[in-house]
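You will see two complexes here that share chain A, one where it goes with chain B and one where it goes with chain C.
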Partner chain A sequence: MGSKEKQKKEKQKHSSVMLEERRLPVFLLLPAAALIIFVIAFPMIYSLYLSFTNFTLVSQSAPKFVGFRNYMLLFQDSVFLPALGRTVLYIMITVNIELVLGLFIANAMSHVVRGQGILRTILMMPMMFAPILVGFQFKWIFNDQVGLVNNILFEIFQKPVIIPWLIQKPLGFITILVAEVWMSTPFMVIIFLAGILSISPDIIDAAEVDGTTEWQKFIHVIVPSVAPFIYIALAVRSLDVARAYDLVSIMTGGGPAHRTELIWTYVYRLAFTSQNFAIGSAMSYITVLIAIAFTFYFFRQLIKMRKGSGV
Partner chain B sequence: MSMKHRRYISSKITTGIVLALFLIPVLWLISTSLRPNIEINTRPPVWISRNFNFDSYLALLGFGVNPERFAFGENVPLGAYLRNSLVTAVFSTGLALVIGTLAAYAFSSFKFKGRNGIFLSLMLARAIPGIALSLPLFFLFTRMGLADTSLGLILAHAALNVPFTAWLMAGFIGEIPESLNDAALIDGCSKWTAFLRVELPLVGPGLAASGIFAFLTSWNEFAIASVVSRTTASKTFPVGLFDFTGEFVSDWRGMCAMSVLMLIPAVIFVIIVQRQLLRGLTLGAVKG
Partner chain C sequence: MKKLLTITLALLLVAGFAFAGGTQEVAAPSVLKCAFVGGANYEELYKEIPKWEAKTGMKVEIVYKGDGFQIDKKLKMDFAAGSVDYDVCWDHSSFFTQYIKADGIVPLDDYFSADELKDFIPMILNSGKRDGKLWIIPRHFDISCLHYRTDLFQDFGLTVPETWDAFKATALKVQPNLPAGVYATEFAGKEEALTGRFYEVLSCEGAEYFDKNWKPGFNAPGGVKAATMFQDLYKAGAMPPGMTSFVWEDVVKNWVAGNIVMYTEWYGWYSYFQDPSASKVAGLFDIARQPKGDAGVYGGWAGQHAFSITKASKQKETAADFIKFITSAESQMVEANLGILVTSNSVWAKIIVEAKQAGDPLAVKRLELAQFQAANDFRTPPLVAEWLPSSDIVYPLVQAIILGDKTPKEGLDEAAAKVEAMMKDRGYY
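What follows is the complex of A and B.
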C-alpha cells in the first residue's frame, strides 16, 4: 500500500469518527427525549392549558378559556394556603429530625466494626418499602382500638387507653411525621455513614490526640467533614418530602376536616373528589413551579460547591 | 474504663436501640398477619400468640379453608394485582434501563451543544411529582386508549425512571478509565462498538443497581397507578392495598398479610444487591 493511499484512508476514517462524534449523541438521547416528552412534558403542557379553562370532570361542553380566574380563586381558597404552609412545615420538621437522627446514628454505626454490613442492610429496608405500605403499617400501629401504641399504653396504665392518634388535632400530623421519619432516616444514615467512613483517619487521630471529648469530636470534626454530604442529603430529601402524597393519602387522606391536608392530597381532592379539574391543575402548577425553582437553585449551588471543594 | 471502651459500649447500645426502632413496626405487621383476628382484637393485648399460622396467606393466595371467614381471602383479586405489578415493573425497568443507559452514555462520553441544559431538564422532569402528572395523564391515556392498561403504566413508570437511571449510569460509565476505551478505539473499533464491547460489560453492577431502583420505584408507585388504572385489568399491588384497607377496616390480619406479601420483593432485592445498592446510593448522591 502506497503511503498516499494510506494517508487518504486515515483521513476518511478520521472524518467518519468526527461524524459519529456529532451524530451519535443525538441518537442516544432521542429515545429518552421522546419518552419524557410524551409522558411528562406533554401532559404538563396540557394541564397548563386546562388550568386556564373552566374544565371539570363532569362537564359535557368543551372547556372555555377563563384567563387567570382559577389562580385567583386559589388564593381565596380557605384550604389552599394552610395546606401549603403545612407542607412547608412538614418538610422543615421531617428533614431536620432526619438530619439530626441520621448524623447520630451514622456516627454510632461508624464505631461498630462487627456486623456493620448486616446493620446497613436492615436499615436499607424501610427505604425500599412502598410509602403506601409504610403508611398502612403506621395506621395500624396507631390504631385507636388495638394498635401497638395503645396496646402498650394499656399495659402501662392497666386500663383501656383510647387515643385517636390519627384523628385528634396535632396528633394526626405527628403520627404522619413519625411514619415519614421512620421511612426516610435510613437514607440519611447511609449517606452520612459513607461520608464519615471517607474522612481521612489522620484527621480523626489528630482530634483524639488533642484530648477532645466525643461530643467535641462529633461537632468540630465529624460534622464539618461531612458538610457536602449533609447539603446533598438535605436537598434531595426536601424535594422528596415536597411530593408527599401516598403516605398521607392512606393514613388520613388529608382529613379529618383538612387537619392533615398537604398540598398534594388537596390537589387530588379538588381534581377527583370535587371534580374541579381546572383549579386542581392550577394548584398543581403553582406547586410544581416552586419545586422546579428549588431544584434549579439546588443544582446551581451544587455545581458551585463542587467547583469550590472538588468533591 | 477507657474512653475507647466506653465509646464502643455506647455506640453498641445506640445502634441496638435504633435497630429495635426500625424492626418493631415490621415485626408488628408480620405478627398481626399470623394471628387469629380474635386474638388481635382482645384486651388485654396478647403479645405472644399460641396460634401462629399461615391461614391468612393461604386464603389470600386462593388455597385452603377460611376458618375465620376473612373479609379478605378470595374476595381479593390478588393474582391480578401480582400479575399487573410484575408485568408493569419488569417491562418498565427494562425500558428505563435501555433508554437511560443510552442517554447516560451520551452524557458521560460526548461533549455536545446543550449538554448541561438537557441534563438539567432531565433532573427537572424528576422534580415533578407523580400526582401532578396523574391528572393530565389520565386524560391523555383515555384519549389514546391507554387508560387502564399495563402498557400505559409501563410507559409512565419508565419515564419516571429514565432520569435517575441516566444519572446513576453516567456516574458508573464515567468511572471507567479512559485508557481502556482508547485502546479499543486504536484497535479500530468505532465509538459505538467500543461502548458495546468494552464499557457496557464493565458497568454490570451499575445496571443491577439502577435496575433494582427502577423495579422498586415501579413496584411501589401509587400516585399515577391509582388514577390511571381503574380495574383489575391493570391495577397494581399498591392500588389494591389502598382499596382494601379502605373497605374492610376490621380484617387487620388479612391486610397485614397482603402488605407482607407486597414487601417481599423489596426485602429480597435489598439482600441480594445491597453492595451495589450502597454504591449506587452514595455515588448518586455524592457525584450527582
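What follows is the complex of A and C.
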C-alpha cells in the first residue's frame, strides 16, 4: 500500500513537472506574443475598426460607427477603382518582368567561373538604395528638361527632344515600372542563382549527354528545377510591390491627374492630407486582401508543385 | 510558481512601457517645448532663442523640426492621438483652421494685448483670426508678384501685363519667337501650389472658391475662365510640358536657368535670383504687382508662417511670452536681413530706409511693392479646415484640364460635385 501511494505521488509529481515543462515554452513566448499583439495586431484591429467609422484626423467628436459606408463610397469613387486596377497591373507587370530578367541573368551568372562574387555584389547594388533615392534618381533621369534620357536623345538627333516622360500617358506609368524593375530585379537574380547552384550537376550532365541545346536545358531543366524558388520569390515580391509607395510618390506623386495613382499614394493623400483616416483605413484593408490573394495563390502553387514532385 | 510570477511581472512591465508611450506629459515648467518648421532660412531665427533663455532662465527644447507639410502631418496626428508634448507649435494661415477643428490650439486674445499686436501689419494679423478670435501670431509672410525678364521684354517689344487676359495674350504672343526649352511662363503644377494659384486667378475673375455657405463656387464662369487660361497656355506650348509635375523649386530652377520669360513668384527668393553665381537672370529682371482679373481684383494669394500655443500646454503664459520674443521687431530683423518678408511695420520702415541707402533700386521697389501688396492684396485661401482636403480633390482635376483630358467646365463641375459631397460629409450642410 505504502509503495502504491509512493508510486502515485511519484506519478503526480512527474505529471506536474511535465505540465510545467509543457507550459514553460508558452510562458516564455508570452512577452514576445504580447509585444507582437501590441505593435501589430492592435493597430491592425484598430484600423479595421476605424474603417467602419467616420473618423477624420481633425474631428473632435468620437468616431461614429457607419457600417460598410466607407467601403461602399470607395467603390463609387472615380479614382479608387482605376487606382486599384493600376496597382494590380503594376504588380503583375513588374513581377513578371523581374521574373524573366531574373531567370536569364541568374542563368548567365551561373556560367561565370571567375569573378562571380564581384558580379553578385555589383548586381545587388540597386537593392542597397532606399526606394526614395531610386525615386529621385529616376525622376532626374526622366526629367523632361534636364533629364538624362532626353539629353541622350538630343545627342542622337542633334536637336532638342522634350518628351515629358513623367507626364504623358502611358509613359508616366512605364517610367515607374522601369524604376521598380531596376531596383528589384537583383533580388530575383540572387534567389534564382541560389536555386540554380543547388541543382545537382548530375541532372545538368544528363541533359547535356542527351544533347540538349542551351535553350532546351534552360527551359526544360533549369526552370522546373528552380520552380520552388520562383514561387517564393513571386510571393515575396508581390507583397512588396503591393506596398509600393515611396518610389511612386517621389517620381510622380500618383499624378498628374491621377494617371499614375496607385493604391498607397491615394491612401496617403486621403488619410493624411485629406484627413480622412477612416476611408484610408478601408482602402488599406482592400489592398491587404489583394496582397493576401496573390500570396495565397503563389503558396498554393508551391505546395501543389511540391506534392507533385514529391519534394 | 515563481517562474509564473516573474513572467507575469515581465508582461506587466512590457505593457506598462508600451502604454507609457501613449500618455506623454507636457514639459516641466523650466523647459518650453516647441515643434517648428525647419530647414534653410527658417533656422536663422532659432539662433535668437538663447537670448530669451538668458532673460527668463527657461530652456527651449525644439522637439520636432520638419518642412511645412511634414509638420502639418505631425500636428494633425498628435492632436488626434492626444500625444502633444510641446507648448508652442509652428502654424500657417492655410492650415490653422484644421488645428482649431482638431481642438489642438487655443485662442491667443487673452495672452496678447492690443498694444502688443499694434506693430503687426493689420491685414496679415487679421488673416490669423477665425470666429472673431486670434489663433496665430505672424512670423513672416509671402505673397506673389509678377517677375519678368527685362531683356526679353525689350527684345520682343512686350509691355508688362496688368490683367490676366494681358498675361495670357503676352505669353501666347512671345512663345513662337522663343528658342526650344524657353517658355513664356510656367506655374507650379501640382498639389496645393496649383490649387492656390487657381484660387488666386479665379478670385480675380470674380468667382469664389467657396460661397458663404461653404458650397464650392469655383466652377462658376470666373473659375472656368481661370482654368481655361491654364489650359490654353499649356496647349500652346507656352508652358513646359512637364509643368504638372513641378513644385516651387522646379519652377525657380527654370527661372534662374533663364528658361522663363515671366511668371508669378514669391518674394522670398529675391537674394537667390540676384546672385550672379547661382542665377543667370541676376540683374535681368523686374517685378510688378500681380495682374488683376475681370472683377478688378488683383492677384494676392498669400500666406503667413506663424506660431500658436497648444491646448495641451501647461504654461501658456510662458509660451505666449516666448512667442512675443520670437516675433518681436528685434527678432524679425534677423529674417528681414535674409530678405524674408516680415510682419512688423516698424521693421519694414527700417529696412526700406536701409535699402535706399544701399542704392539698389530694385531692392527698394521690391520692399515697397511687397508692403503695398501686404496692405491691399493679401488674401489667404479660405479659412476652413477643409481647404487642403478640397485642394486634394481640385488639383488633379485642374491638371486634367491643363493636360486636355477634360474641358474646363467638365473638370470643374466634377471637382465641385466631389468637394460638395466632402463638405456635406463633414457636416457643413
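Note that the second predicted complex is superposed on the first by the 264 of 311 C-alpha atoms of A that agree within 3 Å, B and C clash if a C-alpha of one lies under 4 Å from a C-alpha of the other, contacts with A are read in each partner's own complex, and residues count from 1 in each chain.
Going forward, contacts are C-beta pairs under 8 Å (C-beta built on N, C-alpha and C of every residue); 3 or more make two chains touch, one makes a residue touch a chain.
All of these numbers come straight from a predicted model, not from anything done at the bench.
By the touch criterion defined above, A:63 reaches neither chain B nor chain C.
Touched residues of chain A, counted separately for chain B and chain C, are more numerous for B. Within the superposed three-chain model, A:160 lies in touch with chain B and with chain C [touch as defined at top].
Using the contact criterion defined above for the overlaid structures, shared-chain residue A:245 touches chain B, although it does not reach chain C.
Shared-chain residue A:145: touches chain B and chain C both. In the superposition on chain A, A:28 makes contact with both chain B and chain C.
Shared-chain residue A:38: touches chain B and chain C both.
Using the contact criterion defined above for the overlaid structures, shared-chain residue A:274 touches chain C, although it does not reach chain B. In the superposed model, A:257 makes contact with chain C only, not with chain B. In the superposition on chain A, A:287 makes contact with chain B only, not with chain C.
Within chain A, the residues touched by chain B in the first complex and by chain C in the second are 20, 24, 28, 31, 35, 38, 143, 145, 160, 272, 277. Those residues of chain A lying in contact with chain C across their complex are 20, 24, 27-28, 30-31, 34-35, 38, 54, 56-60, 78-79, 143-145, 159-160, 162-164, 166-168, 252-253, 255-258, 269-270, 272-277. Note for the complex: chain C touches chain A at residues 3-4, 7, 10-11, 14-15, 18, 69, 73, 76-77, 79-80, 98-99, 101-103, 180-181, 189-191, 240-242, 244-245, 254, 259, 385, 388-389, 391-393, 396-397, 399-400, 402-403, 405, 414, 422, 425-426. By the touch criterion given at the top, residues 16-17, 20-22, 24-26, 28-29, 31-33, 35-36, 38-44, 46-47, 50, 104-105, 107-109, 111-112, 117, 119-126, 128-133, 136-141, 143, 145-146, 148, 151, 154-155, 160, 182, 186-187, 190-191, 194, 214, 228-229, 232-233, 236, 239, 242-243, 245-246, 249-250, 264, 267-268, 271-272, 277, 280-281, 284, 287-288, 291-292, 294-296, 299, 302, 306, 311 of chain A touch chain B in their complex.
Listed in rising order, the residues of chain B touching chain A in the complex are 3, 7-8, 10-12, 14-15, 18-19, 21-26, 28-29, 32, 40-45, 95, 98-100, 102-103, 105-106, 110, 112, 118, 120, 122-125, 127-133, 135-137, 139-140, 155-156, 158-160, 162-163, 166, 190-192, 216, 219-223, 227, 238, 241-242, 245, 252, 255-256, 259, 262-263, 266-267, 269-271, 274, 277-278, 281-282, 285-286, 288.
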